[in-house]
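You will see chain A twice below: alongside chain B first, and alongside chain C after that.
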Partner chain A sequence: MGSRHLNLALAAAGNVAQNPRGPLVAASGLVIVLALLLSGLAISEGQRAESLAALEAGPGVYCTWDVFGRDAAVPLEAAERLASVSGVQRLVPRVVGRIELDGRIATVLGVPLSELQRADVARMQLSGAVPNAPHEVLVGVELARALGLEVGSTLALDAHLLRLFTVSGITHSTAPLWSAKAIVCDLAEAQQVFGDVEHVSDVCVYVPDGSEGLVAEAIQRSDRRFRVQTRDLVAQYFVRGHELRGGTFAALFALALALAVPTIATLSYLGATPRRREIGLLKAEGWSTAEVLEMVALESVMIGLGVATIAFALAVLFVRVLGAPLLAAYFVADLGAFPEARIPARFTAPMLVAAVGLGVTVTLAGSLWTTWRTARTRPIEVLR
Partner chain B sequence: MSPAEPSVCLTAVVRHRGAFTLGPLDIVLAPGTWTALTGPSGAGKTTLLNLVAGLDGADSGHVEVCGADLGGLDEAGRTALRRGSIGVVFQERLFVEHLTVAENVAVRLVPFGVPASERRARAAIELERLGLSGYLDRSVPTLSSGERQRVAVARAGITEPRLLLADEPTASVDEETGVRVLEYLARLRDRGTTLLVSSHDESAREKADAHLELVGGRLVV
Partner chain C sequence: MNGSSPRPNAVTLPSPGARLLLVLAGLVALDCVILSSGVADTRRRSAALDAAVGGFALGHALGPAWSFHGFDPRGVRDCESELFPIVGAPCCDPGHRASRATRTGAERP
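For the complex of A and B:
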């Protein structure tokens, strides 16, 4: 770097350090927008990673029943027949339904008690214990908070038949299976709650890795009424839905960032008469337009770096400490505005790089144009 | 520009500003001379200095400064001319308010690539000549108007320009300080700088080699 450029860089650093008020005002709005964008992206990435991990650990094939070309509940006897299909290692029939509790909609998930007992407790982030008896249930933390439930509380479920349960544990995970507003109970109990003991919602079929396609074909051949989805297909649907939601979110913030450019430009122009006079003075003292622009560009880069770093730190605090109030509910199903569940989030190096890129680009775009316009004006008009 | 060539040559220069008209003016300033510019307020002294500095443009006529025809130069060319050859002391005492006194005095040296330590040393010398030793790290807003005036003079003189244009450089200082400012300008003149100094100060006129008086936008002397 030539000493002229070094001088300009030092002048830029001096301006930012000695006169932080101006940049602070212009940058504070950008910090907030960028912090929210990073928070959303981190939650989106975290949820995607957790969901895909849960899918990976889950069954290879999912089966439902076809009635008039639509998904329907699987007759229990058909579900049991799947055990005889070649390649099937284990079957987990499930009941999934919605129920109203104190005016709130909750998801009831019924799986065989034996499956609950072999579930990954670490993934559930469980306080209490997994159910040991049919009358025990697990409750998601959001629902537990809303209903004032604790471990040991009694819970009445009344969709078809009134059933009383004891809360054995509360899950803090937001992974799909252990949704924060779900009630997880024994399969037979769930069937009783919904008044249908002859059907299950779907059947999870565990198969040897790599044989998902073959087993799916075999199931389909065994009975054309099965609707079969492999893990890869489910993952594809999930990723597509996830990308749509993440894309919408990113697009909204791209718009907000784009609006930040004219805002910063306006703030720089209207709120910075001293800055205009400074530029006019430098021009009068023989600074070229390129030199003025170089100095302001370097200031913008420094401010952009600061903005990105602060925004990244705020995003981490917002998600990890505060639980991303209001924002997390957009990404994670069944979360309240102020969630107690741990929010799945993943902050990555490329996100930091993107934040720096966005911060620098927006501040550059916002400041260079007004500076260029001022620097091109006759100094006497700027100084007047 | 050869040594004999004038530093400033104005030919039939006219500048309109609202109802006021400066000129037509024909002025020649020889190199290394001090010309006092006097006249009542509103006579056009500042307008003339701005025209010569290339900060403003003439509506008609030719302005030649240090061998360059300002009318033939674009904004970049006029900026380059100021950078290499012209120092200006503004009447309004303009500064980059968040910089220190030393940084303001040496601001002209930044684009020349002069290292910070050398800029500070050179600023210290100029400030000492103007009686402002120990003011290097003061912030501009804490200065009195007389001190600001001297800092402005130091900034214009730090590069020992070929032409120095000063607008009322002794307007806000006491007599003793005024003498110091004039001695500073005289030293520059003795080292070859051409001075065009607008002032109501009689002693400034006495120090000058030539005298121009503007009244109502026209030269009367």
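For the complex of A and C:
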């Protein structure tokens, strides 16, 4: 019994190997669609994992300000009052601003120098050093490339005031993606540049693990104008948005895969004349319809397996070596078609299994119907 | 010399079908190696810079060219692009409709 299936498998492999033209045409289109789908899913998964890891590295509570029901900068005196709230361990005020540099929009992120200096510099993935003095800044890799900046270059930031800075470090392409077009500097310097020393954009509130909800409630009770977000809440809306974006992408490619089914069916039909003769001969030799169908199904499984494994390897090559040109811009706006920064991606074993499943399903769905119709016809009519 | 007898030390090539099965096995093995070697995981290994600045940028954009909401929704609840150029018109931010961070109207932190 087992040897019959093995013989059918060998016959199916022989058929595919000896008549590769038809399967190759159908499979090559499927490989491209599947490789792009896998690349997109891997980028989506990589971004999700990386963003959640970054969220874990941050504080438990974020505070901004509310004026007339709209977001506003936090007054510095209100931010300082947060230190007296029970459970607050440490406060890090930040300034996040937008500035134009040589026709490009860059993000200026001001944090106290002490926060940068206490960080694990060896693991920060940058050339040079973190800012050690108020006149020093850290520049993202994409921005540095666009502006021709190197460590030691002078950079002018001009918003309310024009101030000159020295580039102390440039992030690597493997650093967090947000840093690619950002400038990190001292909090007081950022306030000076934007001309507002009385406010900060938001405040990071570090609290003991597990007490985020309680501290958030205490802050809200201390002043209703605080807009308070816990790490869990941020993670919740991040995951929701992420799933929406990944889902839209997958839906588009599901449509492309669905279109592949009639394409393969059409190709099977067009190449059916020699195949009909072959099936007719097999039936005349005494093969049953089930055996013919099993052999064709095994052919489809082999083609699907080949398609999926090649698509997986190509997808890794596309993302890892080429940096997912064009596709990455779908997931990260403003990135550019050929980014310098490395795109976070994560290919997993379930993705490979799903790719094999999809490849086999599409090829099976496309070939079984035409084969079944031929195999049910009397051999004498097929061979006539 | 008898033409039908095989030459000594001749290597018999497997049939085309068997060769195809070997190629498929090789492809599966290649993918397994890619998965196990870590090549397929291009996430960064350190969140040190995030830790230094308090975590940043969960939005769909790499910068606040359109809005800070698209860059980091922690700081800004609403998309400023929705107010431009006609108030109430559909948002012109190309990434807004499928942001990486989205909220429903039910929450108001």
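Basically, the second predicted complex is superposed on the first by the 335 of 384 C-alpha atoms of A that agree within 3 Å, B and C clash if a C-alpha of one lies under 4 Å from a C-alpha of the other, contacts with A are read in each partner's own complex, and residues count from 1 in each chain.
The definition used in the following text is that a contact is a pair of C-beta atoms (placed from the backbone, for glycine too) under 8 Å apart; a residue touches a chain by one contact, two chains touch by 3 or more.
Just so we're clear, the structure is a prediction, and the values are computed from it rather than from any experiment.
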{"item": "Which superposed partner A:R70 touches (first chain B, second chain C, both, neither)", "value": "second"}
{"item": "Partner chain(s) touched by A:V332 [first = chain B, second = chain C, both, neither]", "value": "second"}
{"item": "Residue contacts with chain A in the superposition, chain B compared against chain C", "value": "C"}
{"item": "Touching partner for A:I310 - first (chain B), second (chain C), both, neither", "value": "second"}
{"item": "Partner chain(s) touched by A:W287 [first = chain B, second = chain C, both, neither]", "value": "first"}
{"item": "Touched partner set for A:I380, first chain B, second chain C, both or neither", "value": "first"}
{"item": "Partner chain(s) touched by A:L8 [first = chain B, second = chain C, both, neither]", "value": "first"}
{"item": "Which of chain B and chain C A:V234 touches, first, second, both or neither", "value": "second"}
{"item": "Partner chain(s) touched by A:R277 [first = chain B, second = chain C, both, neither]", "value": "first"}
{"item": "Partner chain in contact with A:Q125 - chain B first, chain C second, else both or neither", "value": "second"}
{"item": "On chain A, positions contacted by chain B and by chain C", "value": "10-11, 14-15, 18"}
{"item": "In the complex with chain A, residue positions of chain B that touch it", "value": "50, 53, 55-57, 75-76, 79-80, 82-84, 86, 88, 90, 92, 94-99, 103, 107-108, 110-116, 155"}
{"item": "Residue ranges of chain A in contact with chain B within the complex", "value": "2-4, 6-8, 10-11, 14-15, 18-19, 274, 277-278, 280-289, 291, 376, 378-380, 383"}
{"item": "Interface residues, chain C side, partner chain A - complex", "value": "15-21, 23-24, 27-28, 30-31, 34-35, 39-58, 60-66, 68, 70-78, 94-95, 98-103, 107, 109"}
{"item": "Chain A - residues contacting chain C, complex", "value": "9-18, 42, 46-47, 49-51, 53-59, 62, 64, 70-71, 92, 94, 96, 98, 105-107, 109, 111, 115-116, 118-121, 123-126, 130, 142, 171, 174-182, 184, 201-202, 204, 227-229, 233-234, 237-238, 240-242, 244-245, 248, 302, 305-306, 309-310, 312-313, 316, 319-320, 331-335, 342-349, 352"}
